[in-house]
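Each structure below appears as C-alpha cells.
Both of the next two complexes hold chain A, though its partner changes from chain B to chain C.
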Partner chain A sequence: MDDVLIVITLLLVAASATAAVAVRDPVRQALVLSLLGLTLAALFTVLQAPDVALSQLAVGTALTPLLLTLAVRKVHRRPHTRDDGRGGETTGSTESAGAIESAAAKERGE
Partner chain B sequence: MNGWLAAAAALLACGVGPTLWGVATGPVRRRVVAQNTATLLVCLATLLLAQGYDRSSYVDVALVLAVLGPAGTLVYARLLAEDLKAAPPTGRAGTWAAVALTPLVVVPLCVAAGPGRAALKLLAIGALLVAGNMVAARALRGAGRTDCEGAGPAEAARG
Partner chain C sequence: MSRRLRMWVLALGLAGLAALLGAACFELPDFGGDQHPYGDRAVRAALSHHTANVVSSVNFDLRALDTLGEESILFGAVLGTVVLLRQTRDERHVEPAPARVSPPVRRYALYALPVTLVVGLYVVAHGQLSPGGGFQGGVVAATALHLLYIAVDYRALRRIRPVGRYEVADAAGEAAFVVLGAAAMLGGSAFLANSLLPYGEFNTLASGGTVPLLNAAIGMEVASAVVVLLARFLDQAVEIEESPKPPSTPTSRE
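Moving on to the complex of A and B:
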C-alpha cells in the first residue's frame, strides 16, 4: 500500500511537471509551478522526508511563483516607465533600460 | 497498511488530480481557485499521512502549508488583479465543498489522537485552513473591485 501512495504521488508530480512545461504563458506557468511544489512536498512526505517537504513547500509553493509573477509584472511595466520621458532611448533593448536605471540610481546617490 | 493511508491516497488521487486539470487549463480565474483548493487538499492529505505513519511531527508540514497556502493565494489575488478584474471568479461550489471536507478529515483525526495537545494542534490547523480559504476565496472574488479603486493613486505615486 505504501507503493500505491508512492505511485500516486509520482504520477501527480509527473503530470504537473508536464503541465508546467506545456503551459506557455509565464503567469499561468507560475500557478502550475506552485502546484508542482505542492505535489513534490506530498511526495517527500510519502517518502518519509518531512524536512525536505517543509523546505520544498516554502521554496516551491511560495517563493518561486512569487518571483516569477513579480518578474513578469516588472517586464510588462517597463515600456511605460521608458515612455515617461527618460530620454531618447529608442533601441528597445532591456540592457539599455537597465543602464538608464543604474545611471538614475547613481545620480540619486550623488 | 491502515485506513488513514488509504484515505490519503484517495484524497490525493481524486482531489489533487482534478485540481491539476483545473490549474493546467481554462481561464486564469479558474486556475487560481483550483490552486487554492489544491493547497487545502494537500494539507488534509498530509494530516492523514501523519496519522497513518503514526509520526506526529509530520503535522508540522500541514501547519506550514495551512499558513502558506492562503497567503500565496492572497499574493496571486494582488498580482493577477488585472486578469481577475476582467473576469472575477464566479462559482463557489468547489470552495465550499473543499471547506466542508476539512471537518470531515480533522474531526476523526482528533478523535484518533485523543484529548490533549495533539488534538488542539489539529483543531487549530483545521480552523486555520477554513478561515484561510474563506479569506482567500473572498479576496479572489473582490480582487477586481478593490484593485480598481486602489490602483489609480498607487500607479500615479509610482510614476
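Moving on to the complex of A and C:
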C-alpha cells in the first residue's frame, strides 16, 4: 500500500515537473509550479517527512509562484509606458526574455 | 570557444556526472530499509533533551549552527532585495487605485485570513512538539497577511503592514538567534549549545531547553523577512513606475 502511494505521488511529481518545463508562458508556469509544490508536499508527506512537506507547501506552493507573478506583472507593466507596440502579448518565455533584454538595451541607450 | 567544442566539454561533464552518480547509487542502502544509524542517534539525542519533534531538535539543538547559516542566507537575500528593488531616481511613485473585488473572493479571503494567521502562529509555537516550526509557520503567517490584498486592495494591506517595523523585527530575529548562542557561551558551554534552560517536561510547550526560544526567533525573522520581501515585490508591481523620459536629455549614443 505504501509503495503504491509512493509510486503514484512520484508519477504526479514527474508529470507536474515536466509540465512546468513544457509550459512557456511565465504566468501559467507559476501556476504549474504551484501545482508541482503541492505534489511535492504530498510526496514528502507520504515519505514521512511532514516538516519538509510544510516548508514545501508554504514556499513552493504559495510564496514562489506569488513572487513570480509579481515579477511578471512588473515586466508586463513596462511596455505600455513606451509606445513600441508590444502590448504585452508574449507567447514564449525565450521571446519575452528577448523582449526584456531589448527593453533593457533601450534603457541603456543603445 | 566554438559551439562544437563547448558541446564536447558539456558531454564530458555530463558523462562524468552520470558515471559518479551511477557509482554512488550502487553504494546506497536499500530504499525503505530499517537501518538508520543517524536517525537512531538523532532520536536518542532529542529525547535526552526532552524535545518531542526530533526535526526541531536537529535544527535548533544538534545542528543549530547550520540553522544560523540558513537564517543568515535569508537575511542577506532580503537585504539584497531591499537594496535592488528600491525606488530609483528615474522612477516615480504611483498611488494605486482602489480595486473592485468580487464579493465571493472578498468573503473567502476575509474568512481565510484570521484562520491562516492562527495556523501560522500555532505552527511556530508548537515547533518543538509537532511537525513544523519557525520557518514553516513564519511563512504561513506572513502570507496570511497578504490575503488582505486579495480581499480588499493594496492600500488596505499597506495600512496593516508598516514595512519599517517588519525590517526591524527581521533584524531582531536574526540578532536574537546569535545572542542566544552567545549566551550559551557565557554560561560556560559551546556556542548555541542547549545548556541554558532546564529541559522541562517532555511533550509540553515549555520543553526542550532553548529550542522553543531559537524556534521563536526564527519564526519572527522568517515572517518579517517574507513580509519585507513581498512588500518590495508588491511595491514594484503596483506602485513604482518608470518616469516618462524627459525629451531634453537625449541618452541615445547615435
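Keep in mind that, in the parts below, the second predicted complex is superposed on the first by the 79 of 110 C-alpha atoms of A that agree within 3 Å, B and C clash if a C-alpha of one lies under 4 Å from a C-alpha of the other, contacts with A are read in each partner's own complex, and residues count from 1 in each chain.
FYI, contacts are C-beta pairs under 8 Å (C-beta built on N, C-alpha and C of every residue); 3 or more make two chains touch, one makes a residue touch a chain.
Not measured: the values here are computed from a predicted model.
Chemist: Touch test for A:Ala62: chain B only (first), chain C only (second), both, or neither?
Modeler: both
Chemist: Give one of first, second, both or neither to describe whether A:Val46 is in contact with chain B, with chain C, with both, or with none.
Modeler: The answer is first: A:Val46 touches chain B but not chain C.
Chemist: Contacts for A:Val27 in the overlay, against chain B (first) and chain C (second): which applies, first, second, both or neither?
Modeler: After superposing on A, A:Val27 lies in contact with chain B but is clear of chain C.
Chemist: Have a look at where A:Leu12 lands relative to chain B and chain C in the superposition and call it first, second, both or neither.
Modeler: first
Chemist: Have a look at where A:Leu54 lands relative to chain B and chain C in the superposition and call it first, second, both or neither.
Modeler: Touch partners of A:Leu54: chain B and chain C.
Chemist: Return first, second, both or neither, reflecting whether A:Ala71 touches chain B, chain C, both chains, or no partner chain.
Modeler: Only chain C is touched by A:Ala71; chain B is not.
Chemist: Please indicate which partner A:Leu35 is in contact with in the superposed arrangement: first for chain B, second for chain C, both, or neither.
Modeler: first
Chemist: Which partner reaches more residues of chain A, chain B or chain C?
Modeler: B
Chemist: Using the superposition on A, tell me which residues of chain A are in contact with chain B and, in the other complex, with chain C.
Modeler: 2, 50, 53-54, 57-58, 62, 66, 70, 73, 81
Chemist: Any idea which chain B residues touch chain A in the complex?
Modeler: My answer: residues 1, 5-6, 8-9, 12-13, 16-17, 19-20, 23-24, 28, 31-32, 35, 38-39, 42, 45-46, 49, 53, 55, 57-58, 60-61, 64-65, 68-69, 71-72, 75-76, 79-80, 83, 159.
Chemist: Enumerate the contact residues on chain C facing chain A in the complex.
Modeler: For this pair, the touching residues of chain C are 32, 53, 55-56, 123, 131-133, 135-136, 139-140, 143, 146, 226, 229-230, 233-234, 236-237, 241-242, 244, 251-253.
Chemist: Where on chain A is chain C touching in the complex?
Modeler: My answer: residues 2, 50-51, 53-55, 57-59, 62-63, 66-67, 70-71, 73-74, 77-78, 81, 109-110.
Chemist: Inside the complex, what are the residues of chain A that reach chain B?
Modeler: Of all residues in chain A, those touching chain B are 1-2, 4-5, 8-9, 12, 15-16, 19, 22-23, 27-28, 31-32, 34-35, 38-39, 41-42, 45-46, 48, 50, 53-54, 57-58, 61-62, 65-66, 69-70, 73, 80-81, 84.
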